[in-house]
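Shared between the two complexes below is chain A, which has chain B as its partner in the first and chain C in the second.
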Partner chain A sequence: MSKEKQGEDNGRPDLEKAVDNSRRDFLRKVTLAGAVTVTGGAAIYSGHRFEKAKHNEGMVRVLTEDNRLVEIPVEQMRDFKPDLKMLQTRGREGIAGRRWVMVIDLSRCRNARKCVEACQSAHQLRPYEYHINTLVMQESVNTPAFFMPKPCQHCDNPPCVSVCPVDATFKRQDGIVLIDNERYLVCRLCIAACPYSARIFHWQEPTQAEADKDKEYNVELNVPQKKGTVTKCLFSADRLREGMLPYCVSACPNGVFYFGDENEDAVTNGTTKETVRLSELLETSGAYRLMPELGTKPRVYYLPPRNRIFEFEEGEKKEYKEDKA
Partner chain B sequence: MKYTVPVIMCLLLLPSLSKGQDWVVPEERKGRLSTFPFTEETRKEGERLYNINCLSCHGTPGKNNSIALVPPPGDPATEKIQRNSDGEIFHKVTVGRGQMPSFRSVMSAEEIWKTVSYIRSFNRDYVQRVMQIITSSAYPGAQISLSMAYLEAERQVIVRAMATDEEKSVPVTNAGVRLFASRYFGALAVDEEKLTDKNGVAAFVIPAGLPGDTAGNVSISARFTDEEVFGSVTRDTVIQAGLKNRAGSLVAQRAMWNSVRKAPLWVILSYGIGVLAVWGFILLVMLKLRDIYTVGSALRGNLRPASDQEPTNKQEAI
Partner chain C sequence: MDETRFNTPGEQRKIDSIAADILKNVRINRSFILWMGFLSTVLVLCLAAYVIQLREGLGVTGMRDFTSWGMYIANFVFFVATSLVGMLISSVLGLIGYQWVKPISRIAEIIAIAFAAVAGLVIISDMGRPDRLPYVFMYGRVQSPILWDVTVVTTYFVLSLLLWFFPMVPDLAISKSRLEGRPAFLVKAYDILSFRWEHHEVQYRIMKQAIRILLILIIPTAFAIHTVTSWLFAVTPRTGWDSTIFGPYFISGAFVSGTAALIIAIYFFRVNYKLQKYLTDDTFDKIARVLVLVSIVYFYFNLNEFLVPGYKLKTGDAIHLRELFTGHYAPLFWTIQLGGLIIPVILLLFKKMRRPLPMLIISLFVLCGAWLKRYIIVVPPQAHPNLPIQNVPVEWVIYKPTLIEIAVTVASIILVLIIITILSKLFPVIPIWEMAEEENEKDKPFDKQ
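Right after this comes the complex of A and B.
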């Protein structure tokens, strides 16, 4: 009995203790939860207030693409990388109100090859792949030879664009003829149609295929290049967008190239950076265009090689060896 | 008498010998000096500019590796170039001659002086003389400013240069001023360089055919030719003096080379008619086939009783 009582006696405090413990536990938990809620709430509230305050003050001024100055909250700023769709759209539209034109002064070209090198490095071409060919011209045996750099003529009536069955090569409102590698079908009709032989075909994997794997294709630079596509001079459409002269024009050390906007009647020499009236330059120098009888209306003008200031000298021909590794 | 022929030949040869070598710099330009002293900093900046603008022809100074041209460009470290005065080098770089292009629009006066500073670093005997801008300037301590006005009737831009200090304002006289119209890749010189008259005024004529933007606006700026003396003061403004740009887009017209929507009407029409004709023919063939089928089934319907009887006859036969 006593044992039982003892047992009961002993048992009751145990139970009470347990109940007591659980109550204490519960109270502790409730207090803790309350404290957490209050602190959390306060934190969230202060955070909200801070955000609100930031929203009012943290504005930043941004120049939009159409040249408007706007104010946007700092927290809504995102890093912007032009995606393929945007590059394609703006690459096809071109720059409104412009009509690019190039003038090549043959009396100044001494085949320094700086234009070719600048072009090849910008467009990731091999040493034997050319957007500009420097041809040796000699009209007849008793007339002197001269060098003639020949880029794409960016015709206003481009036969290459007419024959393209898939709209992969196209003309823009500012006069530039471009190629969209994303639409290209490997028919190569454009190469055959071009009377100036301005286009080349990529038979090999591009030189920087590995490095450019994740790079977005820029139709205005034609980079990354792609095996099995056509490429040609682009008048450095990407540089024109930034207000800079094409790669070849600014690389020339002899003042051969002039480039500018026909609408502004002005062309700027790439070497001297001197800007002259296009109409005056063409008229006073007796300018001409290549194969006018074809009616292609090129946007490249040539100034005849008269009053040359140096002797014609054909440099040594270089042999290019492909790096197999 | 026997020396006549050699003497004449020598006399004939003399001008031809000196012809290629003499590059005469106008007397007033020879004594021109830099407005700042040449330091290690200007030398470094000059080296950068030299490598961009001069290296491709003149080579690395001291290495005698300039490219082979006639006349040779020459190594700037050699005595031939170093015996030029600062003003002469400055003038030759600015103006250019023959195959040497003019760097007037490529580098500012300050940048050309920095290049001279680099070239001079290869001459140990060189001692620089610096121009004191305050003493050489006719208007010491004064703030020089330009103002512009456009006279629409005369198509003239009047530029006025004034030097103002604390007490008074006086016109800047006999100063060369140039006027430029802003173009996409650079500044187009409008009219020639003009000297300011006794009132500090220079008048420029805007040529009639100068194109402006779509509204005919041209943004023009005026500046002094001698920026070392008068400071790099410029004055920009927009005037409505240009032709309105109405050229429009080059892909607006219908053409074979244009996009599908802008194809010539005859192409769209003949192609459309062609496609319709082919599909129409296919549709016609299918309709005819349907007709044959209906006629065929009608005929089969008429014949069916006869064919149906056959098996029954056979059954009966069995």
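Right after this comes the complex of A and C.
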């Protein structure tokens, strides 16, 4: 097409060409000026609005879901109350880009059971119902006994998830294995399948069932707990969403727990708040996982109980009695 | 096309006499009403226990976090196992061509139907939330053995029902004119269900073809139901269940308990229904031989299941086997193995013992042993998990079934008896036309065939 045009031009007198050119120039300039005016006007107008908004309400800076910092007027802010549908969707998806991991330093555990208590109070459990339990372990008669906090291992090849008939227990992208007690069928095959005895069942009415009757069910906290459903450690998925460490990790007075993100290669000690390199910690302290021969690939690592800070004192055995309704 | 069966006077007479023998039990008499009344009363009482469980939750059972499967699951496995006898008798032995299974095949199918149907209900009684049962269909995941189980148990139930019903259609046609004095609804039911059967050769040919297809189809289905049931356990990494031979181990055990149940049933029908002419001493002798055979196969699998891990004594296996051989479950274990398997086999090797009454007693032992064996398979492996049981109430450590669990289990057994009673009291328990056909064969001179 341009070739054709050129041919035409060549055939015209110079004067005509000049007039033509100047007309084009003129048109171009006018258009540009118009565009500038409109843009400028819009800019001034929005600036005006911005000023007005600032005077009246003020702006806030918020972080969007995809990690952008944006400023929005306060008036556009709304109280956010997640509904069940949203809690379920985000609870099943997990937190993008994370691979949560826990490291438990057995040389520091002295059976304070603060992790157990914090967990039980957060998840409405009775004193003998555990998401995390500290066990007395002894490998053989000649080796010393030690305390071992045992949460769910959040296996990467979880037997409980494989056997579930209805997708009530599932593995999230951030490595956490959760239970949806709205979906749970009560076949208890998952309890039978777990080699770590991590799962417990609500044989009785949970302690706060009456008070929580109308509360929206949060799959990341598994609260309100329901009778006749199964529950277990959730790596405190609700706390992780808020950027905090799990309940047990922050409650420990002895620095037993490290928690963090495998992708960042960093774990933070819940007591000292010291952050260390995960790979270095695992490599230098002879870390191991429970029953690796089962191929479950746990996300919980243990550091062996060597150079123990505390002597092993079993203390008095507490008797547990089942609550009778 | 016009060729019909049983139209000569001689054949008619045979039919008359056989039908009279068998149909004399098809009636609603006093003993039937009393027996059903008794069963229903017990059932209602036991169902009250289930209502309590529904209201209070599974906390009323003896199950807790460590032993989270108890009597219900053991009972479920037993029921699925026993139902396999339908396939063993009708298909395996029937397709081989043994004629002596003809009079007992319908009884075997009745047992299969009753146990398979109630097995489904037993699994529901183990669920704390039966209202969520539809979730299996709404959100079912194919990788879960539970889903396989639901599928194959229902398939097996339907196939068994068809295998009971198809061969009965000619009998219903024969019987409908011979039901004087029975309730009108029964006569009407016979009339509808006989589908205007007229004993045409074509009809027989089609029916036999259909039955043959069903007999072949039911073999893989039956193997599937019990293999899948065994996989509910074998797919978990738990010591005591983590076994590669669980499938055949369960199937061979199923044939033992099913055959024992069948012997008890045919003894009952022989004596109470006065069917000595059809359920002969010879029938008993034959089925005793079957019981010996399947028991020896089962014994062989037991040997593998216990001796091989017992030789190696890996940590978990050592604890589990010690518990069974010399520990808490030892009395039960040895009673089952000796009284329910080894001694019965030895006794049945003697001809004197292969007679109806001794066989009844032996079969009762075998059947009880089979039930308890399922309990031994299900419960003890859960008591010793890989990690120690600590900081929990003491009563959580060892599972003890509660009265409610026992009552609900009894209810399931009663329900089986009710189904068997109804099917065997309202319909002929022995195939009339097949008996007549057999007599015809006998009468035929040898030059034919």
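Basically, the second predicted complex is superposed on the first by the 239 of 325 C-alpha atoms of A that agree within 3 Å, B and C clash if a C-alpha of one lies under 4 Å from a C-alpha of the other, contacts with A are read in each partner's own complex, and residues count from 1 in each chain.
Everything that follows uses one rule, which is that a contact is a pair of C-beta atoms (placed from the backbone, for glycine too) under 8 Å apart; a residue touches a chain by one contact, two chains touch by 3 or more.
Worth saying up front: this structure is predicted, and the values here are computed from it rather than measured.
Of the two partner chains, chain B and chain C are each touched by A:Asp167. Shared-chain residue A:Val74: touches no atom of chain B or chain C. Once the two complexes are laid over each other on the shared chain, residue contacts for A:Arg99 go to chain B alone; chain C is not touched. Looking at the shared chain after the overlay, A:Ser279 reaches chain B, while chain C stays out of its contact range.
By the touch criterion defined above, A:Lys227 lies against chain C but remains apart from chain B after alignment on the C-alpha atoms of chain A. In the superposition on chain A, contact is made by A:Asp156 with chain B only, not with chain C. Within the superposed three-chain model, A:Ile200 lies in touch with chain C and out of touch with chain B [touch as defined at top].
In the superposed pair of complexes, A:Ile44 makes contact with neither chain B nor chain C. By the document's definition of touching, of the two partners only chain C reaches A:Ile191; chain B does not. Where the contact sets of chain A with chain B and with chain C meet, they give residues 159, 162, 167.
Residue ranges of chain C in contact with chain A, taken from their complex: 56-59, 63-66, 68-69, 126-129, 132-133, 135-136, 138-141, 143-147, 150, 232-233, 235-238, 241, 382, 385-396. Residues of chain A touching chain C in their complex: 128, 130, 133-137, 150, 159, 162-168, 183-189, 191-193, 195-197, 199-205, 227-229, 290-291, 294, 296, 318-322, 325.
Contacts from chain A toward chain B in the complex involve residues 96-99, 108, 110, 112, 114, 156-159, 161-162, 167, 170-175, 243-245, 253-255, 259-266, 268-269, 271-277, 279, 309-311. Contact residues of chain B toward chain A in the complex are 56-57, 69-70, 96, 98-99, 101-106, 183-189, 209-211, 213-214, 245, 247, 249-252, 255-260.
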